[in-house]
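Shared between the two complexes below is chain A, which pairs with chain B and chain C, respectively.
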Partner chain A sequence: MKTQEAVFRIFRFNPELSEKPHYQTFQVKIDNRMTVLDALEDIKHEQDATLTFRRSCRSGICGSCAMKINRLAKLACKTRAKTEMDNHGEILVEPMENMSPILRDLTVDMGEFWREIDRGTPWLVWEETLAGTIKENLLTNQQQRVPDTLANCIMCGCCFSDCVSRVFDKNFTGPASLAKIHRFVADPRDEVGEKRVPTLVEMGLWSCTHCYFCWSQCPRDVRPVAAISALRILSFNAGDTNQGARHVRAFMNSVKGTGMLNEARLYLETMRWTMLRDLDLIVKMATRGKAPSLFVRPIPKIEEARSLFQLTRGARQK
Partner chain B sequence: MRYAYFPGCVAKSSAPELYNSTAQVALRLGVELVELTAASCCGTGVLNEGDPFLNTVLNARTFAMAEDMNLDIITICSTCQGVMRQDKWRLDNDSNLFAKTNEALAKINTQYKGKVEIKHLLWALVEDYGLAKLEQQVERPLKGSKVAPFYGCYILRPNEVVQFESHENPTSFERLITALGGEPVSYDGKTKCCGFPILFVQRETAFEMSAAYLNNAKQAGADFMVTPCPLCHISLDLYQKKSVKRMKFDFQLPVMHLSQMVGLALGVEPARLGFARHLVSMAPVLRELSR
Partner chain C sequence: MIKHDIVIVGAGLAGLRAAIEAKEKGADVAVLSKLHPVRSHSDQAQGGINASLSEDDSWEKHAFDTVKGSDYLADQDAVELMCKDAPRAIIELEHWGALFSRTETGRLAQRPFGGAGFPRTCFAADKTGHVLQTTIFEQVKKNGVHVYEEWFATSLVVEDNVCRGLTAIEIVTGEVHGVQAKAVILAAGGAGRVYNRTTNSLTTTGDGIAMAYNAGVPLEDMEFVQFHPTTLCGSNILISEAARGEGGYLVNSLGERFMKKYAPDRMELAARDIVARAEETEIREGRGFEDECVHLDLRHLGEAKINERLPTIRELAVYFGGVDPVEELIPVQPAQHYTMGGVPTGLDGAAPVEGLYAAGECACVSVHGANRLGGNSLLDTIVFGKRAGAKAAEYAKEASVVSFPDIALKEETQRIETLLNRKEGVKASEIKKALGSTMFDKVGIFRHKRELEIAKRNVAALKRQFTNVCVMDSSRRFNTSLIETLEVGFALDLAEVIIASALARRESRGAHYRLDYPKRDDTKWLKHTLAVRTAEGPKLSYKPVTITRWQPEERGY
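This part shows the complex of A and B:
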């Protein structure tokens, strides 16, 4: 098989020896099949036995070998070394983000991640089990679809590592935690179910920006951002009055009225009195012809859009 | 080149400079933009958190309009592109949703067939028009200006849905900047979130995000930043002073819309590109380029 020299630039840190991390470069002969994990094992066995990283199953199931490969969190065992070389010209390997402290080299303390998972009561609440009246509880295929997809999560931490919101907002519980919560909310056997939703605002339900890193980086196609949207829909449908749900409601009213987004109304209905903080901005926008009008003309054929509103509402109730 | 043009709500209200500069660019390049005036809002990723099916049906109605004209859709807003593309992706991969959507559309006598493409202006310039040809049209090259491309999210991710280029190391924006005579600047954050989607809900977090990436670009030596999304522009330009102040930074970084940068390089009179509407003054950049 064709082989090539690959350049691995690896984050090295041993707090017992030095206060500061550094990067070390290794040359590794790779072939077309080798994963980044294979190459790291090669380095450990043949070049530097002190290189430290987590790994176990080598098949994308255990989630141990999550690390940043060319700046994005990936499972080393699921990432082909050649692809990384082709795309980036080198293979930069670093520990995951959003978790600290770094214990050694590529190994981080994942406590922060686990604490966030725990915040969401990540288990099936089923009092009957405790009462000793266990009975078979069959789910239809349809009922099982969402919990099944979300249960594919292997807790590797890739989504948490690459979550942009979590970098800036430590109260945001993160994509894996919310996906886990939706797994139980969507499970008809869970006795708490949708009653879990009202507490989620405090955990940052509306802090996700839809940057889609969690969708793109999840090695198990869990798509946490879709779970977050699903939870937001429940919050909205429950008539919640938090700023996030209010924003959705204002948006919907705007589109319902004219078919277009009415920026001014959306802003005012979401912000309410807090708009006072932007008065200076509003004045500047007005002087530059950038202040959106409060009155938006309906799109031609608005009746079509309105009838779709009615139709979909009907479809939802069916 | 002829497209069904979906300018999006923001280009028609708080960012008229984007709408106007796009018209100038189309005129110069001989690209025909047939505006979908009866199209509704794409939903910006907010409407679908109230009613995802409604979001899909409204967008499918827009797709059907373009299909009836036998044209692909072009947008000048990453978010419009991304949200519409996600709906198209769901429709094309879920036969139940496809059937249910067309059942709804039948009531207004229209149908989504599945053949429409949705493109961002950036891709149309790079792929359809061609950078070599564009380079020949440049009348006022960016003269080595250091330009920080801000891709943001929707034009790249989810990569499973967008698929124009890898979200890990995108190059289209850099190649465009080079073709216009500018020098693309590399900085951390160019493919991250501008903060806009949470600006009205988690204001402080949004400020911290945009200020961090603006600062990275500034530190990397950027003369100005360019964005393919008017929502990013709100976060990066309108709110720049507030976000930079919150992070106790002290700088200004002008931010252009993609269409404005292209228009400028094509020789469109700066006054017609609406720079005066920006909150962060574009004057230093224009002065430098006119020397």
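This part shows the complex of A and C:
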């Protein structure tokens, strides 16, 4: 098989030796099949035994070897070295983000991630009507479809590492945690079920900015952001009056009412009295004629805009 | 000094099931694992878990298939117990939230599996281990069991034949701790990585079995090593038996479904030892591909069925094998898969040392005998994990607090310091590489006295090299090279036991196939091997097999 020289630039940090991290470069011969993990193992065994990283199954199911490869969180065992080399000209390997401290080289303390998972009662709550019997609950594959997809999560931490919202909002519980909660909300056996939803506002349900990194970086195609959307719909329909829910409601009302975005009302309905904090800015904008009008004239074919709502609702039900 | 009533080594299915049970019985229990629990090797199991759930099936049929699969070496009282308890154990997991695949009517679906006369393998697509490990870890969280994550147990502390606890390295800090316990449950998995060609994770290194051996516990039936017939050529990543259970064919380079020559009735679904030998024979006689693999054909199953029932297999084949099973044949070869032998235990998990228990792959009850059936290992973990947890809790309640000899901690700390401070020597990775190829080439699917003798000499030489092993990393903090070095030490001890046991057993039974003794010999060898550590190497003795209702007969599929 054809081989080539790959350049690995690896984050090195051992607090026992130095307070400052540095980057070290290694040359590794790779072929078309080799994964980044294969190469790291080669480096450890042939060049530098002190290189430290976690790994176990080497087949993408245990979730040990999550790390940043060319700036995105990935499983090293599911990332082909050649592809990274072709796309970036080098293979930059660093520890995951949003978790600290870094323990050594590519290993981070994942405690923060696990504490977030634990915030959500991450188990099936079921006060066994069938307990002690040898009878299973009757469930169809269709009823299990959503929880089944979400249960593919291997808790590798890639989504948490690359979550943009978590950087700014430490109260945001993160994509994996919400996906895990939705796994139980969507499970017909769970007795708490949708009653889990009201507690989610406090866990930052509305903090997600829909950047979709958790979708793109998930090695198991769990799509946490879709779970977050589903939870938001449940929360919204249950009468959530949180700022996030108000924003959605105001957005909807504006488009339904005028076919346009009424920015002033969107702002007022979302912020309510907290707008007072921005009072000086509002006054400045108003005096200089920059404030948007509170009144927006409906577009001529408003019925067409409204029909979009019917369409999306129909699509969602499908 | 850390103290608990019960300390469980290993956080896979057996360990966690034991923990839940012991906790429910009121014991102060902690789990200690070198990995975070969800990273455990149980997570990698794919195909399923057996139970006679259908009205047309029965625990007796399940037990008979298991005994026959074991080539009559399994202890039949243990097999009976496991098969009777199987439906309860599986339903319990469903009640805990496990997402099993279902039938049209919403019942648990079951698929055919190798060596089974009835489709009795429950499954969660082809990620059954992941689903069960996740579920059982959720219950551990719910029950509030403490887990020492990323702690590596290095030795069992036994004095006057009573277990006192263990020593362990806290990997993050590198500190060596003494852990005092009235009872220790070993649930640290199999020893797959003694072989270079294995489906097992890089961390499945037999630590628990080796710790018991080093503490003077005899090891049972270590010569019985299962080779799985379908692993991806090269990487040896597992392609579940479910692929054949759902109807996959094995073909050679002449395009023949060669299993018709070896197991005309059950074809691809004969017991694993038989299919693995058939493949190896085809390859050795020149009917393989590139002299190293045969092909697994799933194309006729169609894309829809493959996506529904075998999604992981498709993903693994595409990603790690470079072929899409919907359109192409998958190159597969046999590789080490399961350790049938291990720490001998009674039906309640008790090992021959007071206060010591074992469960799961690291134990030998023995329900698998000379060859395990697919779908029986997950079952073994939850049935016997629970029993070990219950028995250990009962024992801990009665037992008085035992003393932990300080010298044990001092000696272990000293041993590890010496390793860390050695400036030059042989790299553990080199020893491991040599050991792995010796074991696969000479103590593999086909064995012969001549080859086994060479393996024995090779391993002895490697053991000598190991006395001068160098970690090449003297940091205390998160020293994975140190852990790998200690693992290689364990692997060498186990390799020696496997070889000695295999050399002595002059017959062919189940997974142990001797070219120089190709027949099963019930008069002389219907017995379990026991290997105990001595200064001169493993010393062997034997114990009888428990036979209740199934007399040994010839095994055909």
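Note that in this section the second predicted complex is superposed on the first by the 290 of 318 C-alpha atoms of A that agree within 3 Å, B and C clash if a C-alpha of one lies under 4 Å from a C-alpha of the other, contacts with A are read in each partner's own complex, and residues count from 1 in each chain.
Here, a residue touches a chain if its C-beta (ideal position, glycine included) is under 8 Å from a C-beta of that chain, and two chains touch if they have at least 3 such contacts.
Since this is a predicted model, take the numbers as computed values, not measurements.
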Label the relationship between chain B and chain C on chain A in the superposed model as either fit or clash.
fit
Which of chain B and chain C A:Arg33 touches, first, second, both or neither
second
Just chain B (first), just chain C (second), both, or neither: which does A:Leu17 touch?
second
Chain B versus chain C as contact partner of A:Gly239, first or second or both or neither
neither
Quick one: is A:Val248 in contact with chain B, with chain C, with both, or with neither? Answer first, second, both or neither.
first
Closest Cα approach between chain B and chain C after superposing, in Å?
16
Which residues form the common part of the chain A surface touched by chain B and by chain C?
none
Under the touch definition given earlier, write down the residues of chain A that touch chain B in their complex.
70-72, 87-88, 164-165, 168-169, 172, 204, 206-213, 215-216, 223, 225, 229, 232-233, 236, 243-244, 247-249, 251-252, 254-255, 259-261, 263-264, 267, 270-271, 281, 284-285, 288-293, 296, 299-301, 304-305, 307-309, 311-313, 315-316
Which chain A residues qualify as touching chain C in the complex?
14-17, 33, 44-45, 49-50, 52-64, 78, 103-104, 107, 109-110, 118, 122-124, 126, 128, 130-131, 133-141, 144, 147-148, 151-152, 154-155, 184, 187, 189-190
Using the touch definition from the top, list the residues of chain B that touch chain A in their complex.
9-10, 12-16, 37-41, 43-54, 57-58, 61, 100, 104-105, 107-108, 153-154, 156-160, 166-169, 192-193, 195-198, 200-202, 205-206, 208-209, 212, 238-239, 242, 276-279
Chain A touches which residues of chain C in the complex?
35-36, 38-41, 43-44, 87-88, 91, 94-97, 99-102, 104-108, 124-125, 127, 130-131, 134-135, 138-139, 141-142, 172, 201-203, 234-235, 237-238, 312, 315-316, 319-320, 322, 427, 429, 471-473, 475-481
